[in-house]
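Note that chain A is present in both complexes that follow, paired respectively with chain B and with chain C.
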Partner chain A sequence: MFRYYLKLASRSLLATPATTALMVATIALGIGIFMAAVTIYYLMANNPIPHKSDVLHAVQLDSWDPAQPYREDLPEQAPWELTYTDAMALRESNIPHRHAAMYKVSLVIQPTREDLKPFQTEARLTDADFFALFDIPFVYGAAWGRDADDAGQLLVVISESRNDELFGGKDSTGKTLRINDREFTVVGVSQDWNPVPKYYDVNNGAFDEPEQIFIPSGVGRELELFSSGNTNCWKDEDINSFEEFLGSECVWWQFWVELPSTVDRDAYQAFIDAYVKEQKELGRFARPLNNRITAVEEWLDVRQVVRDDNKVLIGIAFLFLVVCLFNIVGLMLTKFLGKAPQIGIRRALGASRGAVFRQQLIEVGALGAAGGLAGLGFAWLSLKGIQLLFPGFEHLARLDLTLAGLAIACAVVTTIIAGLYPAWRVCRVPPGAYLRLQ
Partner chain B sequence: MEFGPIWRASLRNKTGPVLMALQIALTLAVIVNAVFIIKQRIDKITRPTGMDVDNIVTVQSFGFGDDFDLQESIPEDLAALQAIPGVRAVTSSQHVPLSGSGWGTELAGSSEDGAPRAGGVQYFVNADAVNAFGVQLESGRAFTPEDVEYPENFGVPLSQVIMTRAYLDALFPQGGGQAGATVYDNLGNPVTVIGVLDTMHGAWVGWDKLENVMLVPRVMPVEFNYYIVRAEPGERDRVMPQVEETLLAINDRRIVKSLRTHSEIRDSSYQGDRGMAVVLAVVVGLMAMVTGVGIVGLASFAVRQRIKQIGTRRAVGARRRDIVRYFMVENWMITTIGVAIGSVLTIAVNYWMVVSFELERLDPLYVPAGILSLWLLGLLGVAGPARKASAISPAIATRTV
Partner chain C sequence: MLEMHHISKVYRTGTVETHALRDFSLRVDEGEFVAVTGPSGSGKTTFLNVAGMLEDFTSGTYRLDAEDVSDLGDDARSRIRNEKIGFIFQSFNLIPDLDVFDNVDVPLRYRGFSGTERRRRIDEAVERVGLTSRMRHLPSQLSGGQQQRVAIARALAGAPRFLLADEPTGNLDSEMADGVMALLEDINAAGTTIVMVTHDADLAGRAPRNVQVLDGWVQDTAEAVESSVANRASAELAVVGS
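Up next, the complex of A and B:
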């Protein structure tokens, strides 16, 4: 019966090609625009590390100005970053299973290969745990030891891509790499890693590419490297040297910890609160106690990684879809009532209302599926357009299978909802009315 | 006019008109809000920056190695860049305005406690900065080569600065901010304002203090620095490659990078706003199209349903233009109900955006403008079917009875 209805549906749809094309195009437009908006939202709101997002936590201490909160618009928040003093103190705790203090720097790489000129690149100063904390596997070698975090030894981990570029993809562990006119020893080559969003440091763009050079954090002090990310200061301090800068109330370090259980979390919260209270005795931390440990998903939410513009677009795209659906209801009414004589005959010949209704819905469903497929094409086109408008965000405008399936399901379901009323109308056609006219 | 009969006739078959009215209502809500957002974004993007953005090229000089001294390299670089034919003015600058990267600061209008303080952004520049940015001095003077300092550390207090009118007004809300005024840095050191700029945009285009800008004649002891090269009108693209070549020829103990036009930097900072405006404009266009097609479809449907009545009316004396008018009036009534509902919906959508996303409150004038456009769209959409209806022969009335 289903196949017979499908055949009837295709015959009916092909009988009025212009109306059918118009309906398919309307569904496609509505679904296409809506899916394009949803795709970008879905990728922006992505959980970048699902299996660990509950145990990884960003740490915040409110060391900010007693006179005003860090963010006037989010008065309950603490600064996003830590001072050097606090980042170093937090590293002393053994409660977190792993921890990484870090900040971003700009470095100059001087390749030994003759054909490569020196180039500037972003690098991350961090701790040995960084790789295990964020689940970054190694291709060659391993991370430096924890004892090297603070030693100021010139060690470096490079990404696979950088290794391809600088060492032709060979195992480069033990080789030297010239950075900022100094000889660094390569200890490991890490797999390419591109979390979307770049959750571990969203300060300069949550969808930037991650750094590909990693150096022990102690090296920053040795080479006097300022952050190339954000540095924010509130206190009127006279800073004349890097040493004074390190001791200042400026915040510029990110700090992440791994806390697998609530027990760990409570213990760690108690630890940082105790630390801050101790610092209060020393005249620091004049603001009310406000220390935060925030898991990945909540962190992305707090940092407003998904842009408001995107949410507005989803709302508007949804209203557009609804308008398209109203339009389709109108078109289907026209079409189905145009078939009233035919249906009158079928009813007179014994088709029940239910059968007619089902048959119409199958026709509507087929229409929805066609619209969904065309809508996918349209969504793809829209995303191409969006890639042109937002260079640098190409990775946020890609359809995947889940979304494609969702688009078609969405098209079928919404079209069937839109078709309910026209189908109901047409199955109420009195069987006799049209026989008389013939 | 025969509003009453037309109204009652519409009520005999409500589905079409109801669908149409709802569609019009939603369309009004989306189009008005979208156009309002588009207008705001365009206003934001096209604000005067105060600078000669279209003729400026910027480039970064990034030193590495212990034997390279950025401060020492600057006078030579500046002279060489200035010597390129077609270059109008050059300055070094710690950051590039409109780039999203900058050095924020806070100043006070007096040294007393509770004095007005205001945040802004400072550019550490060279003698010819006013000329190189192409900014207009409202009063006071520009820097001279003698003003430029090369301090050995960060903490050396500022002495003379040029600042924008907006920044001065923020520090002197009661007036009195002018060339010669004294402002105070965060350690309470006095700083003399030697010149005032009409307008100059700072670092972050989304910041509400974008116009609070201060120029400081100084080269900081850091490892990187930008050059702002302002070309004569029309010479920018010719000058651009020579900027890089010139700098590379002077010294290879540094990296010359990020050679970009200032307009490209500005455009990429406004990328989000521009993208949003374009996407919304496309949606508005598609929405108008879909609704227009819907109007044509439903009107055709209405005409087809009433062929006999139309024929009858024609047979008893209605003129063709009476038939056209009938459909025009019917459509106008439906549209009017639609826009009435739509106005409420428009305000509701705007309210949602104001509350959830801190967007601005809708300028009420946009609603009547939207209503007028939809009336027009409705009449255009119905014109074709109505004309077809008027062509129905009066004889049809007698044919199928």
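Up next, the complex of A and C:
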């Protein structure tokens, strides 16, 4: 009977094209706006590395001002980033299976291709483990060795896109790339990698594009590269050189570790606590002991990557959808009761109330599916609008298959819910009453 | 086949009560062709709706095909309507956006027949009313007489034992009416019980039995009905006693 009901539904919907178009447009508008809000939220709240998110941890040490917490609104929190001194010290531990200290810099690339002009780009200074830590595969070559982390060797890993741009997509390992007037040797070409959110450095734009140039962290010291991201200082220090800056209490290094088990986590917590206690004896870390290792999802939560505004937006979009559905209820009630005489004939010929109810719900479901498909168009337009208005949201304003499927399912389910009352009403009227209307 | 005992039907609108049927009793035996006549508002159509289980009644009992159908639920009533009763209406009541084939198909769909069985029954029913060449025509492309024939084909396709016709020729000219009446007579001759509501005395005169309804009462055959019911009750007692 499903196919029969579907056939009747299509005939019924086509028989009243204006009403059908109005209902589809109403559903589409409600679903489109709702899905645009859900899409943004879904991508913001996305777990960017689900298979490893419980073993990757951000590290915080509370080296901040003894007079006030790092964040007045979050007094229990330690600074999000570490000092150079602490980042280098934590690298000495063998407890994490992998670890990576890192910060963002701005570099000038000077391509050898004559058709390309020098350009400035964001790059990441980090450690060899960075790629394995975050599961970034390589197209050519590999990461530099751990021994190169501090050696100051001018090595570089570039992304596949950057390799396409600079070397025409060919294997560029062993070739040189001129950066900030220095010759760097390409050791690897990594696959393009675009985690959303950019969890490894939410301090500097959680939804920014990731860097496409990676160089060993020791090069920063060699070339005196300041961070192009956030640098926060609390202590009144006399800083006259890069070396003095490195020795300051300013924080700008992100630090991530891979701790696969509870035992590892406990051991590492004990390690950083011991380290801080040792530093306290040296006159640093005047605040109470507050060292934290936080897994990815909790980190994104603590860092409020999905802001309350987004949740409010979802609520408003949902209310708008509900308003659309109330309109649909009215339109469907009018349409269904307008078909009452036909329903009366069917009832007289043996259709039970249940059969009539099912027939109406399948028509409603078909309407919802049509509305869902049209809603995808509205959602796409809404997201395009968001992209135009907010360039930083380009990564977030995109529909994938899951969301497209969700939009259609959502449209069908919500329209069926809206259609329950009209379908119930039309199947409850006695058939004799319909037939008297003939 | 059909037994109604002391049926009453009251419509209530606010504080106003309208008695459409009052103490209505009637018995129709298998194979009969009964014409029910009466003036407008006498309760003919209400009787037909109650007989076809399209409406509830206020009090009394109704047995159809030896089964008490007075208190059946919606599913059971729908099943009985589908399997045992065929309807023919004055205004044909075809579904306008379905062609002849699909209109005749409607009751068969709810019966759960296979596609092959439905096609066979539709072909037979449409052929019986002489409209095979119009199988894919919409109701709007047919004359009134042809539409009523489609309605008859739809009523016959499920092979019902009981046909209820409400003014089946009311919207037809005399020639078409005569053709439809002849068709109903053929159907009755083949064994189908027919109850036809009409206000046309000539048409009623062609039915072997006439029942007149006035103000919700069975007027002129009440005695015969009571006698018939009493005889049947005696016969049933005799069977039980033996």
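Observations on the structure shown:
We take it that the second predicted complex is superposed on the first by the 425 of 438 C-alpha atoms of A that agree within 3 Å, B and C clash if a C-alpha of one lies under 4 Å from a C-alpha of the other, contacts with A are read in each partner's own complex, and residues count from 1 in each chain.
The rule we apply is simple: a residue touches a chain if its C-beta (ideal position, glycine included) is under 8 Å from a C-beta of that chain, and two chains touch if they have at least 3 such contacts.
This one's a predicted model, so the numbers in the text were calculated from it and none came from an experiment.
By the touch criterion defined above, A:334 lies against chain B but remains apart from chain C after alignment on the C-alpha atoms of chain A.
Once the two complexes are laid over each other on the shared chain, residue contacts for A:15 go to chain C alone; chain B is not touched. After superposition on the shared chain, chain A has more residues touched by B, the comparison being chain B against chain C.
Touch criterion not met for A:274: it reaches neither chain B nor chain C. By the touch criterion stated above, A:345 is placed in contact with chain C alone, chain B being left untouched.
In the superposed pair of complexes, A:286 makes contact with neither chain B nor chain C. After overlaying the two complexes on the shared chain, residue contacts for A:413 are found with neither chain B nor chain C.
Residues 22, 26, 29-30, 33, 106, 108, 110, 118-120, 180-181, 226, 236, 238-241, 245, 307-309, 311-313, 315-317, 319-320, 322-324, 326-327, 329-331, 333-334, 385-386, 389-392, 421, 425 of chain A are the ones that touch chain B when the two sit in their complex.
Interface residues of chain A, counted against chain C in their complex, comprise 1, 4, 11-12, 15, 341-342, 344-355, 430-433, 435-436, 438.
Against chain A, in their complex, chain B makes its touches with residues 15-16, 19-20, 22-23, 26-27, 29-30, 33-34, 37, 62, 64-66, 153-155, 186-188, 222, 224, 255, 257, 268, 271-272, 274-276, 278-280, 282-283, 286-287, 290-291, 293-294, 297-298, 300-301, 304, 349, 352-353, 356-359.
Residues 45, 49, 52, 54-56, 74-75, 78-79, 81-83, 87, 89, 91, 93-95, 97-98, 106-107, 109-111, 154, 158 of chain C are the ones that touch chain A when the two sit in their complex.
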